[in-house]
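Next come two complexes, and both contain chain A; in the first it sits with chain B, in the second with chain C.
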Partner chain A sequence: MNATSVALDRSGPVATMRIAGDITSSSEAELMAAYTQAVDGGAPAIVLDFRGLEYMNSGGIGLLVTLLVRAQRGGIRLLASGLSEHYREILALTRLDEAIEIHEDEAAAIAAVKV
Partner chain B sequence: MTITDKIPPPAPAAHTTRDGAHWAKPVDRLSAQVVGAGVDSVTGKRVANPLQGFGQMWQKTFRVPLEGSTMSPQEVIVIWKERFATFWPKAGRFYAPLAGIVPGEVALLDISPMPGSPVTLSTGVMVIYADDESFTFISPQGHMFSGWITFSAYRDGDMTVAQVQALERTSDPFDELGLMFGGRRMMETFWRETLGNVARAMGTMEPAVVSEAVCVDKRRQWRQATNVRNSATLRSMRHMLTAPARWITGRS
Partner chain C sequence: MTALTRPIRRLLGQTAPAIEAAPATRTAEPIAEASPTVDAATSTIGIDIAESDPLLAYLQSAPGPVDLARLELESPAVTALRDAGVALIVPLVSQGELIGTLNLGPRLSEQDYSTDDRRLLTTLAAQAAPAIRVAQLVREQAHEAAERERMEQEMRVATLIQQQFLPRELPSLPQWQIAAYYGPARAVGGDFYDFIEMPGGRLGIAVGDVTDKGVPAALVMARTHSILRAEASRSDSPGEILARANALLEPEMPARMFVTCLFAILEPETGRIVMANAGHNLPYIRTDDGVIELRATGMPLGLMPDIRYEETEGVIAPGSNVLLYSDGLVEAHDVTQQMYGFPRLREAMTVDDAGSELLDRLLETLHEFTGADWEQEDDITLVTLRRASGVSDQTGEAPTMTSAFSIPGEEGNERLAMDRVGGAVADLGISPARLERLKTAVSEATMNAIEYGSQGRADVPVDVEVEATPDAVIVRITDRALSGAVPEDAETPDIDLKLAGAQKARGWGLFLIQNMVDSMDVTTDGSTQTVTLTMARKEPTDG
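This part shows the complex of A and B:
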């Protein structure tokens, strides 16, 4: 298992969480800390950049659901970018692609927010 | 010829993702292939994730330390997959897919939606994830819960622990009512008995199952109340109530 790392960037009103390594149920602290920091910083939209994602199990997809619930509750727009074909398929399999906006890359996601 | 010419072109990118083989491929509609089940109310349905249900979202965890067992988490999961149906309490029947518990397969099940209910709810699950330490089922439309449930085993110190963890919402207002009026206690008993049976099969004489429930979202999603049109509970009830008429008219 590789550790999860989440780096936070800010581009205008949009915060980007750059996720690298593995996402499992053990990743909760890292993901939620970055999300809380982004929200506390006043970001109305957050891009989850999955380019560095190496592994995700069913515990990891559960954490994405928790993030989506928090975002819906807080009125935060959540977008995804940099997903490989494999991870796009997982979001389609679980129908989470109906709950999160998926963009090819971070620039496209940020542009979608700014439109 | 340059040195570059001698190097073969790179092969198309192989599927090197470490979790690649563990996940099922996406499907638009489910298709069940099982033996022995009476009613297939799953084929043609879509899966339903925890965001698509009606009731409050809960993460429920049941775990049992396998005291006295020498089995590794991997050995526990091999047996759990192979004998999954035998670990279920009598309140339910699990019809395993022909290919076993592997990603992409669909199982059917019959369960009682409420304590003492004369109605048997026929529904199913799809295996969306399986590795050597866990496997996960997602529910189809019509199931009383929208979400998924993961069966896993892990090492805690020098002991193996077996765990069931669900992330789910009830699917519609009737299912939510059923949960409030006895269903919650029934599900708690169901998974406690299941884990107790797993533990005994692994060599634990007196299983001590512990549980924990965390409310992930306390809101009810009224826009999802229309899920009732797929309700397996109501369909099963209608099937039972119309049985005399079908018997008289000779229709099955």
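This part shows the complex of A and C:
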């Protein structure tokens, strides 16, 4: 199993959580800590960049839903970028793509927030 | 007596912190004020007291501090203690068990210890002994826990090494069906098998077993594996390959370890097989005339230098099955300590199995024999070869194959299963997107098997079998059903309901599996549950 790492980039008005490794149910602590930090920093929108994602299972999808619930309650916009075709398909299948805006890459996601 | 001596030895040795509070001291003052300027005050004395020394029995029943100068006892320990400058011994007894001593040197005032001194020391000993005993027990428990953790860790490492060297995919040869199974025991043994492509389309097949278990066995297995591969590239004689492997392994083999190994070279077109054997189980061949053993003898690898290995040759006729295997199968015991044994194996081989049925049936007979609560004692490796019967030419048909393996039922191992299935089907021409879907389905189904079937226990395996037919890939994931059947999701996960908090965030597993493959079936026979995933090899052209 590969560890999850979430690097938070708050250099711009939009925060980016760069995810690397595996997203499974054991990634909860890392993911939630980065999210809380981004929200505490006052970011109105957060891009989850999945370019470094190696593997995500149903537990990881469950975590994304938890994150979405928290974001909706807090009025935070969540976007995703860098997803492989396979995981885009899974997000479409689970209809998570209706709740999280999916963009090709991080720049496109950030641009979408600013428009 | 042993129980009594053990703590004593430890207390007098250098290992126990307890002695640091109970040093041999030359100060006249009570030990608590042992002067730091007197070196001896903080030193421990390393005297080993023999289990049979009469001093131990004497101290156990002594009512208080014992004056060594006046003690008349035929005891080497007393002499040694006197030589070390000990004048007074205060036994520390807790619940009737001698757990240590306070050793004091002579008073600095050169007077004898007074009655008051002795009373004080007796009180001190009575209070200190239970506390020290508790500390000893705590330390013993911590030590045992650390030891258990270390062993668990070692088993994980051994498993990793082992898995690393097993072939990720099986050879696909026209007219041949090759199947392999490797099931590790909890304390991973040193089983291995390998398929080596050789010049002229021939196939080298190695099956072996390293004596011993755990990391040492896994490392020797890894070394043997690479030596066999290297030697197989230099020679086309199984006897020569084993002889060279032996010459390389012998000087570096750890004490009391050796490797049994069978090496065979198969000519797929003619069915000709040449093999040499380094002390391993002989392969069985099933023909229409019965089950025969292909005989070849030789010393195991690594025992002694300059061994020659005889070669045996045979032809595997169309419609015949060959089995190569390790001890773990024949030496498996049932609840009554009866062994599976060769007669049962022979009997199981008499049926004319096509494809990979032989492997499946051997595992079935084994599980029937051992029962559900079986703790597997040793690794089990099975390799079966089947030469297709008749002359029907399969040219033009998609290759078929079967692969089987087990993983320890521990969280996280679903990735192992996923990667091995991915490797096994890599050459079947399935599109990358569909391969990803299959892998996700395998991973999710294995996660369920681990969570429910094995309850996360590494010693309860999950079996995975991959079969490719000309049209489809079929993956069967079998667990031991410890928690009964995997609960069907009561409700289809719905993102709107989940976001509204009307459904829990999790619960996507079965939904994903069902959507990733063409079909998912669940069968159960009480002691096991099997999830069968099927995916067509070709993308359906239209909806």
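The working rule: the second predicted complex is superposed on the first by the 114 of 115 C-alpha atoms of A that agree within 3 Å, B and C clash if a C-alpha of one lies under 4 Å from a C-alpha of the other, contacts with A are read in each partner's own complex, and residues count from 1 in each chain.
Note that contacts are C-beta pairs under 8 Å (C-beta built on N, C-alpha and C of every residue); 3 or more make two chains touch, one makes a residue touch a chain.
Treat the numbers as computed from the prediction; the structure is a model and nothing was measured.
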Request  = For A:T36, decide between first (touching chain B), second (touching chain C), both and neither.
outcome  = neither
Inquiry  = Applying the document's definition of touch, where does A:A92 land relative to chain B and chain C: first, second, both, or neither?
reply    = first
Query = First (chain B), second (chain C), both or neither: which does A:N57 touch?
reply = both
Request  = Share the list of chain A residues that count as touching for chain B in one structure and for chain C in the other.
outcome  = 55, 57-59, 62, 65-66, 68-69, 86, 89-90, 93-96, 98-99
Message = For the complex, give me every residue of chain A touching chain C.
response = 1, 22, 25, 55, 57-59, 61-63, 65-66, 68-69, 72, 85-86, 89-90, 93-96, 98-99
Note = Given the complex, residues on chain A that touch chain B span 54-59, 62, 65-66, 68-69, 73, 84, 86, 89-90, 92-96, 98-99
Ask   = In their complex, what parts of chain B are in touch with chain A?
value = 15, 17-20, 22-27, 46-52, 57, 59, 128-129, 131, 134, 136, 138, 148, 150, 167, 216-217, 219
Remark   = chain C contacts chain A in the complex at 412, 414-415, 433, 436-437, 440, 443-444, 447, 493-496, 498-499, 501, 504-509, 511-512, 515
